[in-house]
Amino acid sequence: MNLTEMKPPFIRGETSVASMMRDMLFALTLLLALPVVRYGPRPAVAAALTVLVCVLCELLFTLMQTKTTGLSDGSAAVTGMVVALLLPVNAPLWLPCAAGAFAIAAAKAPFGSTGRNPFNPAAAGLAFAAVCWPQLVFSYAATGSGPLPLFGDCAVQTAPSPAAVLKQGLPPNILPFEMLWGNFAGPAGATAVLVVAACGLYLFCKRVAQWEITACFLLVVIVIAALFPRAVFDPLSSVKYELLSGSVLFCSVFMVTDPVTSPHTTAARCVYGLLSGALVMAFRWFGAYEQGAVFAVLLSNAAAPVLDDLVFRFRGWGGELADA
Amino acid sequence: MRRGLKKKIRIIFLNSAFFRNPVPVAALSIYPVIAAGYSLQNAVELSLLFLFLSVPVGFLFCLIGEMIPLWVRPAAVLAASAVFYLPAARLLESMIPGAVAALGMFGPLMICNSLILSRANVYAPSHIGWAVAADTLGCAVGFALVICLTGAVRGLWLSGSVRAAEGGVSLPFFGLIFVGFLAAFLQWVNRRRTLRTGKRGGRP
Amino acid sequence: MQRGIKLEQHKAESLLHPVQELPDAAGLPPPKFFRAPKGRPDWEAVLRAAEEAEITDEFEDVPLAEKLRRMRRAGVSLALACCVDEDPYTTSAMAALREQTDGVIAGLALAARACGAKKSEIAVADRREKKEILRRSPEAKLVVAGTRYPARALLRRSLQAEGGKAAFVGAQACAALAAAVSRGEAQHDAIVTVAGSGVEIPRNVRVRIGTPLRHLLDFCGVHERTRLIVTGSSVTGRAVTDPSVPVTAATRCVIAMLRPPRYKTYACIGCGRCSRACPRGIVPWRIYQEMERSRPDPLKLLNARSCIDCASCSMICPSGLDLAAAVKRAAAIMESGDLH
Amino acid sequence: MRTLAQLILTALAAVSVENILFSCGIGFSRVLRAARRPRTIGLYSLFVAFFSLVSMTVGSLLNPVLLSGEALAWLRPALLALCAAAAYGAAAAALKFGLPEFYRKHGEILSPAAMNTVVLSMPYVQKTFQLPLARAMAFALGTGGAFFLAATLLAHIVPRFKNEDMPKAFSGFPAVLIYLGILSLAFAGFTGGRLF
């Protein structure tokens, strides 16, 4: 009986980073179902390609890293899925791949993968795509355009999304109730509002995401939408339109709650949720693009370490900074 | 002494131009590279302007740098750089007509280029003429290398779209990321060099 | 706010069978007897009896006499008999309480008298166990500790929240104290749970203190292909490499595993679970971050010294990091106070 | 009251929407220098705000004069730089002889804070945005605030860029540059293109 030497503890809790990423991937693939039903297998192909490119980029960088933390934590796949779901269905296939490559190669790998990236890679990739190819990222296929060609470019009649209409200050011509079912022009995964809400609940129950960030985030978005409606209608419908249009709900469930790039203490998380909610509305009011959520996520990620240190200094635990 | 000096000058030049290029390694004069370097045309004009501006300022402060007290020296350097900007702009205009106008705000802001200011404040007064000359030329070449590379890459990327200088890759964010990757490449090269010299008994 | 960790319990099988007796191994000295104190001993007599009987508290591996003196100095107002086994495999304390309920109650009263505690109660794991014990002896005063790990620390914190100081005394130590005072018998055996994937039938065994571990393993029929044997506790115990080490009063359990568990480690993702799981309010991820730097700054190591080594932070960490070791190193640095 | 609200709005815009630091990439070498010594950030930003204010007022007073004549327009960059140099000289002299103790402790950061691209770009910003004098000064103070924000963000994140998980080539300064690039990308969401 040869016995091995081992350090305690000898049993572990059942959630590991890999299981958290598997839950995220499960929730994201659920979101793919609706666009595949409505537009044919093209979104699934785009998502698969993006995940492949992200994984390849991550592999490329693990060769350069000395301590290879390995690929098995699946966070590259999650980034690829999020990028593919926030781009329009009729986008050319190279667009999500370019955004995914930027997300991994510029926003994640140089800082040390998974636990060390200061920014949410998917948000950085989407912001890069939005700034470089705005006309491609914000042209959404009209709802009734049926199955799209699998690989080639799809010349499809595009319709302005409710977020674009709201940006010009006009009330969108679709009732909020119909928007619930998600058949309006918008990003691939972010229009299915009910499915996003269901995935959110699933992630909160499995403790993969922290609910307090999403709660504060949506609270601020609702308050600002009610106080400052962007088009001439009553506060209630303004709140409904702001929440249902664009990718606010999707971001509040998948991007803002990323544990790596959000603060680590509960108090700082609430402030972080409030800050990112306010920034989303600021980008919607003053921003140049109709989708402000990804930029708001990036800005609040930059503020996350500061919030953590403030909480520690406030609790008298030595949050001061030593000279570098 | 002659051969030793020549070798030392070669090392200073190479360090400033490539291995310890001040732009990616010390982030000096980042603004022209990331904001103005969105086309090769801009890049060439700015590198020439940098050359015509840094050489006279470097020499001036190599000669009289010691005499000016430390607390007023930064003001003197900026004043000298401002004065020397006029002939430099005129020289650039004669070489490439319409260049100064095309540069717009980027030209005048070269006056307070942190690379020129810091070299003139710290390096020039305390080194001999040859070293200052080698270092100034090295910095000019290094700056030109970085800004032309960035300008070429962005020019290539934007060659398709019609509003070249408007948005997309010509924005400073791409410049910063590109210079970041350049700095990583340089750090990798330097690390390999120190490893190799370390293994070969320390002879460079 | 910290409610501890919910663990999957494996206790049911080993509680089914009564405690088995292990025949004494060869070459062990006979059990020692000494002159028992007469009548109703006061607290010095109880302490002297505990010293003479060489009773050790099985949870903290400390002589019972010294522990009671420390409790008396600290002015403990509530003495608790700890019949709660925190880690999922061990049931030795519960078995000891079920076997010698009166012995534990008498021992607890003696221990309370020795350390000057006004109240004394028995801490049990859950309501079902409480009903079981009340069925055996109705007048026992019981308190439910809950099954979330680390149960003892959480119970002590909730009791101290209501004022007064609480301290734990091991169930087997109480039983041994009762035997020592009534019959003048030294502590010579301990109840050990043998469980894990390497054992056919998990069970509790009463073992003479000092018998080599191999003798116990052969008696319980542990598989030859077992790769990992752990004594103490499956969370804070020690891995045993040579099976000839003797069984002590503090062994409490022997866990044999066919395949040693291997956990992949990732970088810290900042989920904050460890700071929520820690019963002492330490922030392990911040200490781990600080200890990663080449020269950790003692000012930033917060309250690392108040750690009670329950390892719940390492257990709950999804990235599989050894946070408990980092906090222990941090406490050592703060202890030595080398302010570089 | 209305003008006060307008001033505050302009200052806020200078920190967020029209953040010339991030969306135009001006003045990063000074931000990095400040971030390396976190205790000096407050004073550093105060100096930058003060000198931006001086440069903005000089710029908005001189702009109409300098842009009138052809020869004067050609001399404009040099004259503005000379004003900045004079402002620094005056401030340094005042501090050196007025408060020698303060100068010995903090004099070192006075010159980089006084003469950097952010300060000297003020007159050009004023010419592009055509701000009246009061709102121009609010914009200068807002830029000082933006400098403080940028330096604080960096000071908190820079220590995390030296760890063993990242590729050796990127550890330390290249990671800071890429971080600034992505942060500038985030601010580009406000302007969507070149600010000026």
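So that you can tell them apart, the chains are marked A, B, C and D in the order they are listed, and the count of residues begins at 1 in each.
Heads up, the rule we're going with is that contacts are C-beta pairs under 8 Å (C-beta built on N, C-alpha and C of every residue); 3 or more make two chains touch, one makes a residue touch a chain.
Since the structure is predicted, the reported quantities are computational estimates derived from the model, not experimental observations.
Q: Counting only C-alpha atoms to place each centre, which chain is farthest from chain B?
A: Comparing chain centres, C lies farthest from chain B.
Q: Taking contacts as defined above, which has more of them, A-B or A-D?
A: Pair with more contacting C-beta pairs, A-B versus A-D: A-D.
Q: Return the distance between the CA-based centres of chain A and chain B, expressed in whole Å.
A: Going by mean C-alpha positions, chain A sits 40 Å from chain B.
Q: Quick one: report the Å distance separating chain B from chain C, using the average Cα coordinate of each chain.
A: Between these chains, centre-to-centre, one finds 68 Å.
Q: Taking the mean of the CA coordinates per chain, how far is chain C from chain D in Å?
A: Once rounded, the distance between the two centres reads 62 Å.
Q: Distance-wise, how many Å sit between the C-alpha centres of chain A and chain D, to the nearest whole number?
A: Between these chains, centre-to-centre, one finds 33 Å.
Q: Could you list the positions in chain D whose residues touch two or more of the other chains?
A: 159, 163, 165, 167-170, 174-175, 178, 181-182, 185, 188, 192-193
Q: Quick one: which residues in chain A touch 2 or more of the other chains?
A: Where chain A meets two or more other chains at a single residue, that happens at 69, 106, 110, 112-113, 115-116, 131, 134, 322.
Q: Would you give the residues of chain C that are in contact with at least 2 other chains, written as numbers and ranges?
A: Each of 267 in chain C touches at least two other chains.
Q: Which residues of chain C touch chain A in their complex?
A: 5, 7-8, 87-88, 224-230, 234-243, 255, 257, 260-261, 263-264, 266-273, 275-276, 283, 285-286, 297, 299-300, 302, 311, 314-320, 322, 324-325
Q: In the complex formed with chain A, which residues of chain B make contact?
A: It is residues 167-169, 171, 173, 177, 180-181, 184 of chain B that touch chain A.
Q: In the complex of these two chains, what residues of chain A are touching chain C?
A: My answer: residues 1-20, 69-70, 72-73, 112-116, 207, 210, 259-260, 262-266, 269, 312, 317-318, 322.
Q: For a test of understanding, state which residues of chain D touch chain B in their complex under the given definition.
A: Those in contact with chain B are residues 23-30, 32, 74-82, 84-86, 88-89, 92-93, 96, 103, 107, 111-112, 114-117, 119-121, 124, 167-178, 180-182, 184-185, 188, 192-194, 196.
Q: Once bound in the complex, which stretches of chain B touch chain D?
A: Counting only chain B, the residues touching chain D are 24-31, 34-35, 71-72, 74-76, 78-79, 81-83, 85-86, 89, 105, 107-109, 111-114, 117, 121, 165-167, 170-177, 179-181, 183-185, 187-188, 191.
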